[in-house]
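Listed after this line are the structures, all set down as structure tokens.
In the two assemblies presented below, subunit A is common to both, partnered first by subunit B and then by subunit C.
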Partner chain A sequence: MSEKPLEVREVSNQELQITLVSRNELIRELRQKVKFFAKQQGFDDEEVFDVQLALNEALANVIEHAYQGDQNGRIDIKFHTDQNGDLVIVIKDYGQKADPECLKSRSLDEFREGGLGLYLMEKLMDVVQFDFSQEDGTVLTLIKRKHCHK
Partner chain B sequence: MEPTIEKQNDVTIIRPAGEIDTHNCDSLKDVIQKALKSGAKRLLIDMSQVSYLDSAALGVLVSGFKSARESRAQFKLANMQPPVAKIFQLTRLSKFFDIHQNSDEAIASFK
Partner chain C sequence: MDGFEVQRKISNDVVILNLKGYLDAHTAPQLEKALQTCIDQKEYKIIINFENLSYISSAGLGVFMGFIEEIRQHGGDLKFSNMNPKIFRVFDLLGFPNLFEIFDDERDALNKFNSK
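And then the complex of A and B:
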């Protein structure tokens, strides 16, 4: 990866590739990028908000858990729309893999801090899929169907 | 943007602004903790200028509420914009917090 903390490659009107380092300060910029992309693809304001928050939570989890606060980890992201016009976000990290058994949303009856990231992703997106089969790191795929409010 | 603080009689009103996320939510946490340490017993978080928050920011409000309870202080939220209110509903945190439509209603409800 180059020295830049965030690199964007516009592959086509329907595909954007981004590489960033694992820093929380960049999450805001990623929210703006996905907002712009999703609006461009015809998603409405509520859908765009859902996608922004889900991406935010996914990146915060990667930085906190996969890279455990290391600010130099690499994260590759792809935004694209599939043949149905649905928005697909693929996030690849090269950090520590999570134990799939631990990937469960917590009970909402508990009034406490933390543990809501995965729950929000599942609630806001139509597909949340982890792939732990990579040699290094994890691939997370998030899909938002167009105009299919949950 | 740093949260602002205003005193209206015995109510301490904290106004965070903009997008609050994992990167900048500590400033809100600090302001709430400082207010409680300085003896505030009636705390109102005016959310009117908050356009976005993530789960880390929600955590700051949960910890603020708990700290207030430990200090025997009242902790209320008001003026949530629809996207922010949606996050409270999705996470069902709205059932734990004392949430009001506007500041006047919240201030009038302090015991």
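And then the complex of A and C:
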């Protein structure tokens, strides 16, 4: 990737592509980008908040687990709306794959410090799907249905 | 500019930490440091005032989880106050109201400490 820590490409009104490096300080900017995009697509305030937090949690997990603190890992993100108007976020990393055992849903009692992110994503989004079939890294798809409060 | 600040004040033997801005994986170490300072100084009665906090992610909540056991072992507690509905929602989704006492107002949390 180029030397910019964060690059945005507006493919259309319904699709935004972003590439960033694996740094926690960029998460706040991503929250702003998805907030703007989701509002533009007609999602209400509560839905926008959910999407912002879920994206935040997904990125924090990629940075901490897939790249294990390496600040130069590449992350590709796509926001788009599908034919139903639902918001789809696809996050691709090129880091270490997670152990699927660690990604099973757990009850809150089993959590201590850490491990809260996946639980939150599942609470906030309608679909949370990991694809480990890529040769390198993982693809995470998050979907938020419009006006379908969980 | 990190977009996060912790302001500290003391009322009798209770430490009040006022959080301001955005608490996430990037800024959580600042909160961790503030709580570690309390522990190092044997200050175990702590109120976290969220009035000026705009945002929290699980990294922030993880910090509280990391300290609560030690604080309670020393007879203290972490009590929360002045959460706006968005911040409360994150705590609620994670079941924190069962683990921590949450008060509408800082004064109520202080009274609870002082009534013991």
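Convention: the second predicted complex is superposed on the first by the 145 of 150 C-alpha atoms of A that agree within 3 Å, B and C clash if a C-alpha of one lies under 4 Å from a C-alpha of the other, contacts with A are read in each partner's own complex, and residues count from 1 in each chain.
The rule is short, and it goes like this: contacts are C-beta pairs under 8 Å (C-beta built on N, C-alpha and C of every residue); 3 or more make two chains touch, one makes a residue touch a chain.
These numbers come from a predicted model, not from an experiment.
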item: Overlay on subunit A: subunit C relative to subunit B, clash or fit; value: clash
item: Partner chain in contact with A:L116 - subunit B first, subunit C second, else both or neither; value: both
item: Touching partner for A:F49 - first (subunit B), second (subunit C), both, neither; value: both
item: First (subunit B), second (subunit C), both or neither touched by A:F130; value: neither
item: Overlap of the subunit B and subunit C footprints on subunit A, listed as residue numbers; value: 24-25, 27-28, 31, 49, 53, 56-57, 60, 108, 111-114, 116-117, 119-120, 123-124
item: Subunit B partner contacts - residues on subunit A that touch it in the complex; value: 24-25, 27-28, 31, 49, 52-53, 56-57, 60, 108-109, 111-114, 116-117, 119-120, 123-124
item: Contact set on subunit B toward subunit A in their complex; value: 19, 21-23, 52, 54-56, 58-60, 62-63, 66, 83, 86-87, 90-93, 96
item: Subunit A partner contacts - residues on subunit C that touch it in the complex; value: 2-3, 22, 24-26, 55, 57-59, 61-63, 65-66, 86, 89-90, 93-95
item: Subunit A residues touching subunit C - in the complex, by the definition given at the top; value: 24-25, 27-28, 31, 49, 53, 56-57, 60, 63-64, 108, 111-114, 116-117, 119-120, 123-124
